[in-house]
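Two complexes are shown next, each including chain A; its partner changes from chain B in the first to chain C in the second.
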Partner chain A sequence: MSGYLITIATIIVINAIVVCGLNVIVGYAGQISLGHAAFFGIGAYSAALLATKAGLSFWAALPLVVTISSVVGLLLGLPSLRVKDDFLAITTIGINFIVEAVFLYIPFFGGALGIGGIPRICLFGLRLKGFSFFLLCLAFLVLVMTACWWFTRCWAGLACFALREDEEAAASVGISPVRFKLLAFVAGTAMAGLGGALYAHYMRFISASDFSFPVSITLLSMLVLGGMGKLWAPLLGAVILGALPEIFRPLVEYRILFYTAILLLMIRFQPSGLLGDESLARKVLAKVVPGGGR
Partner chain B sequence: MLLEVEDLHIAYGDIEAVSGVSFGLEQGELVSIIGANGAGKTSILNALMGVVGVKKGRIMFAGKEITRLPAFRRARSGMRIVPERARIFPRLTVHENLLVGAYGLRKKIDLDSRLKWLYGLFPILEKRLGQPASTMSGGEQQQLAIARALISSPGLLLVDEVSMGLMPKLVDGVFDLLYRLNREEGLTILLVEQNAVASLEISGRAYVLETGSLVHQGPADKLAQDPRIREVYLGH
Partner chain C sequence: MSEPILRVENLHKHFGGLKAVNGVSFQVAPGEILGILGPNGAGKTVCFNMISGVYKPTAGKIVFDGQRTDGLPPHRLAALGLGRTFQIVKPFASLTVLENVLVARGIANYGRFGRIWGPWRSKDQVRAAMEVLDKVGLADLAGRKAGLLPLGNLRRLEIARALVVGRKLILLDESFSGLRHAEITRLEDLIRAIRQMGITVLLIEHNLRVSMKLCDRIVVLEHGRKIAEGKPEQIQSDLRVIEAYLGRKRRNNAAGG
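Presenting the complex of A and B:
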């Protein structure tokens, strides 16, 4: 594989990990989030600071990074207990802007210059770059998707689904909305944090704009395109939206416009996404391949 | 008393929907509240379940005050509701809906035998297990809502207008089922209905609710004979 292809594939896989986290929050628990990039950023900045300032290796820092991301996720998830729907959407946008501003204006976080000199990840004495780093990301994606798969099959997952469908009805059968919303936020932001750590060690230089509001829109577009609540949606969405601008170069300039258009079109015409039960793609697939609609 | 309600007031903004209602249920009773559209029946049941706030008053359940307890805690202590218009979980399958109903039970129930019992009561559910609940007909969704509540073998069952959307034969079936659950299994049931004829027939006692206040109460058969009630609620 050429370096160029590996770069695109690596970014796609990292995005897929982060979108898996978004899927837990939005797709499984039904809590709209337009600020997921904030948690992606918190993971990246924690990893960068722990590596450059504290001198910790990626592996030593990883548990801390995931903990920091999910604790901040828990704290910032608290508003979701009080507000719903459009108010929650606006609150999460606010969270994204605040976190970005903190990175940008507080010198500790490197200010406008960001953080550079982030070391590569070492594994068994090997400095991972190119294809080997891609394989590492892929291994983490498998781990995250396995966790998601397991989550959809356990009681906690079922409780989250019920909450997403009808919060009052779920509470009336004994499901604590507070507990499961927070659980989803913690799990989802932990995955975003993991993605952020990989991103920081891959780019080796990060700045606040890497985690701005348009990035949240991009992440959400990937999820909506793939199909909210579906296991494979994050990967499918990340592949399509990651590859298209590379195939059609002119799109690069208008990337955000393109992502936003995809988001709006999907919500209008195919709200359940490409993998959704009622989707056009599934119906076409079912016609072409017998049994392919499943 | 299993359930005791004292001076219950419920308001939506400035509109008071329920103004000072007091009533109670003994363990093992089947009691109904009848009343016209907008009388406040659903408001009362929702306040009992904890999904609607109480402005003033007190609710006691199984010897404990639950007035400010969140809904999920009331459910944990054995209260279940068959909500108005069923409110099944639309994108979950029929089977998942039933499982959610058994969520977080402290007492161990034999899920399989419980499910089998429910399939006996509602054969349609077994045939549709893997299907998203939203694809069930309105009447089937009502049955699913009842099954979802019953799977936990509740201590108190609140039932809001089950007859709505069911064909007459099924209405009879469901009322007959509630009657049997009450008499044979000792299930305590609070029934809220516009279908006064059917609900008075199976209830031991009943209350009549008019614009947020209880105006009559007594043994169901007595109320069914009362000319004032016959005129307004029984249509003759």
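Presenting the complex of A and C:
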């Protein structure tokens, strides 16, 4: 594989990890989040700071990074989970802007210059770069997707599905809305934090704009395109939206416009996404490959 | 009367200036079927919502199974063994009928952090859920998406969920409305069977014939106040009730065609 392809593939896998987290919050628990990039950023910045200022290795810092992301997710999630629907959408946008502003204006976080000099990840004495780093990311993606798969099969996940469908009915069968929404929020932001840590060690230089509101829109577009609540949706969405701009080079300038258009078109015409139960893609697939619609 | 399973005392719920429930008291004995009657807007559903924890009473006291429960949230009341249906049905639409019941079966696990990580689609769980579906006559539709069911079946699905949760008390909010004659007879039998299991039933019902036949006692509400209480025969002969309820209904029917 050429270096160029590996770069694209690595970014796709990191995005897929982050979108898995978004899927837990939006797809499983039905809580709209338009600020997921904030938690991606919190993971990246805590990994970068722990590596450059505290001198911790990626592995030593990782549990801390994931904890920080999910604790901040919990704190920011607490007030936002008391509001619903469009208020929640606005609140999460607000969180994104506040977090970005903190990165940008507080000198401790590197200010406008961002944070550079983030070391590579070492594993068994090997400094991971290129293909080996890609493999590490892939391993984490497998881990995250396994966790998501398990989540859909345990009571906690079922409780989240019920909340997504009807909060009052869920509460009437013993599901605490606040507890399970927070659980989804914490799990989702932890995954975003993990993705952020990988991103920081891959780019080796990060700045606030990497985690701005348009990034949240991109992440959400990936999820909606793939199909909210579907296990493979984050990967599918990340692959398509990660590869398309590379294939159609001139599109790069209009990336955000393009993502937003996809988001709106999907919500209008295929709200369940490519992997949705009654989606066009599935019907076409069912015609082409016998049994492919499954 | 033995120790009541449910006691409400001087219950009030005000929405701004509107006194939706205005000083209602009654008791329900274990194993009893108590009907709540009253014209539209009398405050019946608001009463249910206070008993099941959806609304916090403006004033008054609710004692369920020997414990003050006014102000507790709905999921806590569910954990205490109170199941309910909704007048406007609330299925988990994108889940199957079976999954809807399995969600309710999770009641044993949702309260303990260590238990929520266990699998929900186990053989035992599915078998137990199928038994409940069989009771309400939905076993054939177990694999169907709940959102695709007609109203009659959705009402039965609500009852199935309430049955799983309501170990002690079940609140049925107009579960008979929109059902066909044969379905009504089935549901009556089911409710009697529920009582046989030792579960107390509180039901709101507009259909007088049904409630007179089914209930041990009836409480009549109007404008948020209790205007009568007693055995079905007593209620039927109570003039005030006939004025408040039957008279209004006849007028409504005439107006509605």
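The rule is simple: the second predicted complex is superposed on the first by the 294 of 294 C-alpha atoms of A that agree within 3 Å, B and C clash if a C-alpha of one lies under 4 Å from a C-alpha of the other, contacts with A are read in each partner's own complex, and residues count from 1 in each chain.
Rule of thumb we're sticking to: a contact is a pair of C-beta atoms (placed from the backbone, for glycine too) under 8 Å apart; a residue touches a chain by one contact, two chains touch by 3 or more.
Just so it is clear, the model here is predicted, and its values are computed rather than measured.
In this superposed model built on chain A, chain B and chain C take up the same space, so to speak, and clash. After overlaying the two complexes on the shared chain, residue contacts for A:D85 are found with neither chain B nor chain C.
Once chain A of one complex is fitted onto chain A of the other, the partner contacts of A:V173 extend to both chain B and chain C.
Once the two complexes are laid over each other on the shared chain, residue contacts for A:C154 go to chain C alone; chain B is not touched. Taking chain B and chain C in turn and counting the residues of chain A each one touches, the greater count comes from C. In the superposition on chain A, A:A162 makes contact with both chain B and chain C. The residues of chain A shared by its contacts with chain B and with chain C are 155, 158-159, 161-162, 165-166, 168-177. Those residues of chain B lying in contact with chain A across their complex are 49-51, 70-72, 75-76, 80-81, 83, 87-92, 96, 99-101, 103-105, 132, 148-149, 152. For chain A in complex with chain C, the touching residues are 150, 153-159, 161-162, 165-166, 168-177, 180. Those residues of chain C whose C-beta lies close enough to touch chain A in the complex are 52-54, 73-75, 78-79, 83-84, 86, 90-95, 99, 102-104, 106-107, 109-111, 115-121, 161-162, 164-165. Chain A meets chain B in the complex at residues 155, 158-159, 161-162, 165-166, 168-177, 277.
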